[in-house]
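After this come two complexes, each holding chain A, first together with chain B and then together with chain C.
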Partner chain A sequence: MAELLQYLISGLAVGMIYALIALGFVVVWKSSSVANLALGQLVLFSAWFTYGMLVQANFPLWLAFPLVILFSLALGWVIERLALRPLIAQPILSLITITLGVAYFIEGVVTLIWPKSVAALPRFFPTQPIRIGPAVVSQEYVWVAGISLIVFVLLTLFFRYHRMGIAMRATADDQLAVQACGIPVTRIFSRSWMFACLVAAIGGILVSSIGGITYGLVETGLKAFSVVILGGLDSFIGAIIAGPIIGLCENLGGGYLTPIIGWAGVKDIIPFIIIIIVMIIKPYGLFGEVRIERI
Partner chain B sequence: MTLPSGTRNYTYAQDMAILRTKTQWVLMAVFLVLLLTAPLYLGNYLLSVANLIGITLIAATGLNILTGYCGQLSVGHAGFIAVGAYTSAVLTNRLELPFLVGLICAGLMAGLVGLIFGIPSIRVKGFYLAITTIAAQFIIIWVINHWSSVTGGFVGIPVPEASIGGFTFRGEASQFYLIFGIVMLVIFFAKNLARTRVGRAFIAIRDNDLAAQVMGINIFYYKLLAFFIGCFLAGIAGSLMAHWIGFMNAEHFSLTESILYIGMIIIGGLGTTLGPIFGVVFIRLLQQVLTVMVVPSLESTFTALPSGFATGVAPMLFGLIIVLFLILEPRGLAHRWSLFKSAYRLWPFSY
Partner chain C sequence: MLKLNNIEVTYLNVIRVLHGVSLDVEDGAIVALLGANGAGKSTTLKAISGLLHVEEGEVTDGSIEWNGARIDRKSAEEIGKLGIIQALEGRRVFEHLTTEENLLVGAFNRSDRSGVKPDLEMVYNYFPRLKELRRNTAGYLSGGEQQMLVIGRAMMATPKLMMLDEPSLGLAPLLVEEIYDIIRRFNTEHKTSVLLVEQNVRIALSIADYGYVMENGRVVLDGTTDFLSNNEDVKEFYMGLSAMGTKKSYREVKHYKRRKRWL
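== the complex of A and B ==
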């Protein structure tokens, strides 16, 4: 029972982070129908940048975090401007592979600047465990879940009330109509990339504050794809619901399947198995729009 | 398709010939002679680079059939190569079966695994397929790392040298003949596949799978066939790689390697037989030049370089090259080559 609660809470917390990262994907996909496969590397890059600011440059928190946010926004802008903008209206294959190229490039940059393969961020959250009923849960998970929730609420408000948020939703809905209304679509694209990098950075910081910075962060970013796939590519609600589902599956499955199968690390592979299963059974996900093609 | 001036086709056989003119025959013969005598004048190091290029070429040709001709993006090609490599390694090492059995089984096994992960391609495409194949890559590597009673797990597995009927391929030179024999078969196969019913069906599916289906092409069959052929070749390449290196662990088959394969066929030119050759030679040579010549000399001249420079500069450069090619020349080096050829034929009256 205590074990179960523990898995539930950590699963929910991790799942929320996945959902956060996945939101960045969904925004880009909806506004410009570009599939951002560099998600994992963006998470890795921003986590290392945070490390650089906090540990290597030894900036205080109030200075480091705004810098990280500025950096991630700039990164998103640069990627969109230099790599994606020249490829508007190119075949989907080019759009996917260019993000792979960007991913490769970022990975090179990361290994160039931070050749260490493992590092730890300073602890932001109190570490002493807390008791919820019979379970003893590391307090960090609760904090992470709380922060993710706050970010979700902020994002929802942004998309509902802010001019830019409304414009982004409109672009997702109908690009031509938005253009006819005089909204610069290319600017929306670049904002959506900045947004994606921002949430990837937040996700990266949250994950690495618990688990440290490893190359596994790329995998964390890729696991966000299983959230996207399960929730449906073009659904915000889908991502927010599917995130905790994936997190729960991962932790529960990891907790209870490992003794049965006997191979350690079942946890890491469950999201990918879910991808395959969803692809075969319901490829457009729980809330995704089923595309009907015409010749 | 422009012909050299003065060349006319009088029969269907002439029209379908790959090599049309005497010059082409002569050039081809010279090229083959140069290639086959390469062990005589290439040193051991250069031969090993050539072998690596040959192995990569087989896998890249497979990926080109799958992605370039049939349009099914696979970001898990290194995973399929790993399946082939480990099948061959396990069969020849643990069961002590002959190399040829291992080679064939490696291809078949990789093809089968490719079929399984290719099933979603019937309903989805583009990004969905990319994600499926990334998942395939992770699942395959995970299984290899954890099924240690068979695959040796993280430690790895030694692989015996390839041998056929008592003759052992020992040393780079004899490996070279083995690898390039298969490379030539594979390229011949790929070149002709593109001109058959199957190849045309692939191209139709790539251009618009719905339209292809309406025209009566069985896309279920042809998409899975593309997956099988592509992954079969990946398996063959994997088997050769296992026997060439002599020791396998999963580090040879990372996701970045998969991305690099896609980069190779993009740089070379998707959907051409020549493309993978250009792309593979370009990337592998660049890799060697970087790691052997450029990086050490830079490191010795500039002592202040960060310590990650040696490992980080190659991925950076390759990522940059992929991005630049997609933006500036999406049809790849093969297209540039054909432009050059037609310009050369008409020179100096290029208009």
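== the complex of A and C ==
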């Protein structure tokens, strides 16, 4: 029983982070229909950058965090400006491929600057375990889930009520019509990439504050893909619901199947098995926008 | 005032679609741009609104002036900021947004944020139907409602010149009249100039002050509404009326075709 609760709580917390990172996909997809394949690398890069600020440069927290946020926004701006903008109006496949290029480029930069492959961030959250019922859980998980949820709510509100958020959603529907309204679509794309990098950075900090910085962070990006595919490529609600589902399946499956199968890797393939099943049953995902067709 | 000076438009550097189009839209006037499919009407509008480059088109000759300043090299958003707003052909609403969100997108570029709410009411005043549907997903509105929404969205930008591309397309005659009434009301109440592209010549001339007839990328005839509605060629070729001004009877169809005078 205690074991189960523990799996549930850590699964939920990790799932929330996946959901948060998945937003980085949804935002870009919603405004420009480009699949952002560089998610995992963005997470990795910002985690290392945080390490650089906090540990190597030894900045205090209040200085390091704003710097990381600024850095992630700047990174998003630069990516859009240098990699994607020149390809506007080109076939969508080229744009998606360029994000893959960006991914490898970032990975290269990361190995260049931080050649060591693992590092640990200082602990930001109180570490003493708390008891929830019979389970003993590290307090960090609760903090992480809470922060993810807050960021999540803020973003959802932004997209629902802010004029830039509404314009981003409009751009996803019809780019030409948005331009006819006199709205600069380039600015919208640029903003959406800045957002993607921002959530990737927050997700990266949260993940690595628990598990340390490893190349496994790139996989977090992959997990986020399974979240968006399960939840629907263009749905925030989908991401917030699918994230914990993936996190739970992973933890519960990992916890209970590993002793039976005797192979620890089973944890990592569960999300992808879910993707395959979802694609067969619900191709738009749980909450994806079904193409509107009036007959 | 908008002034097109002998503009040429070329797509992909080879396909020339406009061969010297000149037209004027006086402040506060309604000007109709008439013609068959492929005459270059929509291209003319896109040349003005700066949307050509999206389709790899370019104004290769001539000039477009807005209140004396050239705008043919400007981007769509700069032109939008000047107050020239185009409502595209074919009821392109943002399908997954609600009616009200669609209207808010139209107001994106406005500097006076406080004016947005009253203007939302103004649009609902012109189109009471939209107010009932404000929370509905735009993609599921009927064709007429979507057309109202597209025009309302253009109104939200408080344009000085509103360009409408075939607002009557695919709508029932009664609805077309209603929409045209509203366009005229908006024009008189807000002194907004309107440049109207239409195939429905009769309805367009019913509200316009001046009209241009385009064929094959050229303006072949222009004049006041009275002049155009009484022109034999316009009547014969665009309104389906014979010289007598009565409906054409196909029983007495002549076996030679009337020659257009402007050719």
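The criterion applied here is as follows: the second predicted complex is superposed on the first by the 286 of 295 C-alpha atoms of A that agree within 3 Å, B and C clash if a C-alpha of one lies under 4 Å from a C-alpha of the other, contacts with A are read in each partner's own complex, and residues count from 1 in each chain.
Going forward, contacts are C-beta pairs under 8 Å (C-beta built on N, C-alpha and C of every residue); 3 or more make two chains touch, one makes a residue touch a chain.
Keep in mind it's a predicted model, so treat the numbers as computed, not measured.
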Contacts of A:163 with chain B and chain C, given as first, second, both or neither: second
Partner chain(s) touched by A:173 [first = chain B, second = chain C, both, neither]: second
Touched partner set for A:100, first chain B, second chain C, both or neither: first
Partner chain(s) touched by A:89 [first = chain B, second = chain C, both, neither]: second
Residues of chain A touched, compared between chain B and chain C (which is higher): B
First, second, both or neither for A:74, with chain B first and chain C second: neither
Chain B versus chain C as contact partner of A:61, first or second or both or neither: neither
First (chain B), second (chain C), both or neither touched by A:181: second
Partner chain(s) touched by A:280 [first = chain B, second = chain C, both, neither]: first
Shared chain A contacts, counted only where both chain B and chain C touch the same residue: 294
Interface residues, chain C side, partner chain A - complex: 49, 51, 54, 56, 75-77, 79-81, 85-88, 92-97, 101-102, 104-109, 137, 139-140, 153-154, 157
Chain A-touching residues of chain B, taken from the complex the two chains share: 67, 71, 73, 75, 117, 119-120, 123-124, 126-128, 130-132, 134-136, 138-139, 142, 146-147, 208, 210-211, 214, 255-256, 259-260, 262-263, 266, 270, 306-309, 311-323, 326-327, 330
Complex contact set, residues of chain A against chain C: 89, 163, 166-167, 169-170, 172-174, 176-184, 289, 292, 294
Of all residues in chain A, those that touch chain B in their complex: 29, 35, 37, 82-83, 86-87, 90, 92-94, 96-98, 100-115, 218-219, 222, 225-226, 229, 233, 263-265, 268-269, 272-273, 275-276, 279-280, 283, 293-295
